[in-house]
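Everything below concerns the one structure shown next.
Labels for the chains are A, B and C, by order of writing; each one numbers its residues from 1.
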Amino acid sequence: MTAITTTNGLVSPATSDRAAKVGLWASAVLSMAILLFIIGYIVIEGISVVNIPFLLGSPVLSGAKGGILPAIVGTICLMAVTLSSAVPIGVGAAIYLAEYASDSVATRTITFGVECLAGVPSIVIGLFGYAFLVIYLGFGFSILSGGLALMAMALPWIVRTSEEAIKAVPLTVREGSLALGATKWQTVSRVVLPSAIPGIVTGAILGVGKAIGEAAVLMFTAGSSLLMPSSLFDPVRALPYHIYILASEGISNPMAYGSSIVLLAMVLAINLGAIAIQAHYGRRYGRN
Amino acid sequence: MLAKTREKIIETVLFLSAATAITIVLLILIFLLKEGLPILMKVGVIDFCLGMTWNPIAIAGEPEYGIFPMIMGSIYVAIGSLILAVPLGLACAVFLAEIAPAWARFSLKHAIELLVGIPSVVLGFVGLVLLVPFVRDHFGGCGFSILAGSIVLAVMALPRIISVSDDAIRSVPRAYKEASLALGATHWYTIKKVILPSARSGIIAAVILAMGNSIGETMAVLMVVGSVACLPSPLYDVLDPVRPMTSNIAIEMSYATGDHAQALFATGIVLFVMVGMMTWLSHKVLKSKMGTAR
Amino acid sequence: MEGIEIESRSLNLWYESVHALKNVTLSMPKKKVTAVIGPSGCGKSTFIRCINRMNDLIKGCRVEGELLFEGRNVYDRDIDVVSLRKRIGMVFQKPNPFPMSVYDNVAYGPRLHGTRSSGELDKIVEESLKASALWDEVADVLNRSALDLSGGQQQRLCIARTLAVNPDVILFDEPCSALDPISTAKIEDLINTLKHDYTIIIVTHNMQQAARVSDFTAFFLLGEVIEFGKTKQIFEMPEKKSTEDYITGRFG
């Protein structure tokens, strides 16, 4: 190819094109490297700590030794509370928005509310959880307070993904149901929802996965007790907060690495679970 | 008749679910104001936001509640994170949308999703043990610094910027690209002069959103940014520690009482408003410039 | 009137400000096939969607005039749309089976309306599939997903689904336009069989199909009924010029 002088006269278009592509590849490699480095570093530093006594044991000396079972159990309990509150509300909201809402002030306010909630910083949710759930409603520092506060974080995500999944079901299928004499709710519950379930479940799992890492919320709502919780009203120190305390108060770096690995593993398992559901049930209707 | 009532009841229940989000937002506002408004009234909003001294537990003299250094702290680390993450993120997005072969797109996309999934405490922890000593040894200062905070926030912002910019670039109509290439332009020239300008609104919206997220981020930045509640001196010294608003709330809430606690809630209000403005702004940008991208 | 199943009297319909149906007056006989023909956009689909009130789903749609079924105006305030649609079924242009098994698709309607016992459902499913000439092809694979069937099979499944609720009238909205010629022929044969037991109204843009299948034909143009009568008469001795022009292919 003959080089044709460009306006800058120095570099031919072909050369700058190639240089640019090299640069772009480099940026992609750099981003990948950052990810691999972070995960690799944590795993290498902490893998020696992770063993059965660690996973199943209780913390000793404020977590400097021993295990992290209460934190793991606490995290799981929080997830359960969040899931059981966020999913019914979120899916209900999504059904309303996708199937029943008309273009009115009420609908626009509702959509605005969901977007707004999505943008609230986690620490503000934490403050709110403290003022409202812990103090005003009197739940105290507890799994209940923590789980409900996390629900506020997961809700917008669940509404969004569920709404998408529901809207992906084609109109013709709904028409088919209505033409057979079904009511709107019968159509939604018997035809639309079953088709949308894979998308909804994926969204719910991912939403909860995002929420469990939010130590800023748990700080003010779930408390920091290292004891094994025995009821919804007991305080609990979930994994993210535990990692924070171990690290910032200098209690034990190795334990912090180990806890980080466990937390990462949980998040990874959740994400993989969502992918697996997506792949298995496929998307009968939906974008490719 | 019974069936009709049942349908109506179901619709009402679903409506109430949908209204939950806005109800929560309203409750948040109400409770933040309930706790924080008294101190704002006492000190005055302007003095609160622009006051240079934060001294809530004054041993001698009057306690002072000025959060300007904290506001600036938040802004410093947020802008720092954008300076680092936007060029890299944009380059990756261009790579993903225009250059990457299928296998590369697949790996990078999933890598990004994984990066988003890393909880902020874990990033903060890695920052604490790796980044802080690194900054201290190679740049000076005590390590806890705006620089460290910016780097950690940049790692958090990177995947979000990549994702949204990737979507924005892919939604530029193929016709533009084809017309440019047909005129003899190289791929890179097309990207620079046609595709990126068309995707501008989406990219700007992504950046604004990332700024909002950085301002609102607590845990990651808390662990690496130190906790000195004053402006860096000199003002451009990125090696100085600062205390962003989020860190301030997180650190002091556990022992604050009375006016002090109220001041922290008031800080929460300022935070809520700032992040809210960013979110609103990014939506505005996305909607308004839609015309030019089509 | 005896022998008339569905009658429209001065039916007018607007989509927002567009006057889509103008003073449509038509009487469709019982247990006969009435074809509705006309060029694209003439209002034929709009018209039959009025009969089972599927147009209710469209925002900004306004109807005036009367559409009588069994002597009652279907647009009356105290008509229960859900019950109406049990009596008047519809088969759509593009086959729209539910993402469920073949069995569940056909059983959907009966289950909806209260039939629970699996013995009864089995019987209904088998009868409906036989009546829609699909039984032989799916008897062994009732539990397969309906989406695995071919286009023609899916459409016959949709017909079976409609038959399972035992309607009086079946509305066909261009049922073969998405199908290949062999499937089309099968469905036309089916319609010839079904008309002994059901009143059938079929919208089609295929004139030859109308001529083959129907007893009566209505010709629509720009939202108005231009001519209506016995199919043989419409096609051999049309009264209006525009009818003749359409049929001979001068436009359309």
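Just so we're on the same page, a contact is a pair of C-beta atoms (placed from the backbone, for glycine too) under 8 Å apart; a residue touches a chain by one contact, two chains touch by 3 or more.
Model, not experiment: these values are computed from the prediction.
Graph distance from chain A to chain B, where chains that touch are one step apart, equals 1. Centrality by Cα centroid goes to chain A. The most distant chain from chain B, with centres taken as the mean of CA atoms, is C.
Centre-to-centre spacing of chain A and chain B amounts to 17 Å, using the average Cα coordinate of each chain. Between the CA-based centres of chain B and chain C the separation comes to 56 Å, rounded to the whole angstrom. Our note on geometry: chain A versus chain C, Cα centroid distance of 48 Å, whole angstroms. Under the contact definition stated at the top, the residues of chain C that touch 2 or more other chains are 82.
Across the assembly, chain B contributes residues 3 that each touch 2 or more other chains. Those residues of chain A in touch with two or more other chains are numbered 183.
Chain A contributes residues 13-14, 16-17, 20-21, 23-25, 27-28, 30-32, 34-36, 38-39, 41-42, 88-93, 95-97, 100-101, 109-110, 112-125, 127-128, 130-132, 136, 152, 155-156, 159, 183-185, 209-210, 212-216, 219-220, 240-241, 243-244, 247-248, 253, 256, 260, 263-264, 267-268, 271 to its touches with chain B in the complex.
If you check the complex, the residues on chain A that touch chain C are 102, 170, 172-173, 175-183, 186, 190-191, 194-195, 284-285. By the touch criterion given at the top, residues 52, 54, 57, 59, 82-86, 89-90, 92, 94, 96-100, 108-109, 112-113, 147, 158, 161-162, 165 of chain C touch chain A in their complex. Listed in rising order, the residues of chain B touching chain A in the complex are 3, 6-7, 10-11, 13-25, 27-28, 31-32, 34-35, 88, 91-92, 94-96, 99-100, 104, 107-108, 111-115, 117-126, 128-130, 155, 158, 162, 185-189, 191-192, 212, 215-219, 222-223, 246, 249-250, 253, 264-265, 268, 271-272, 275-276, 278-279, 283.
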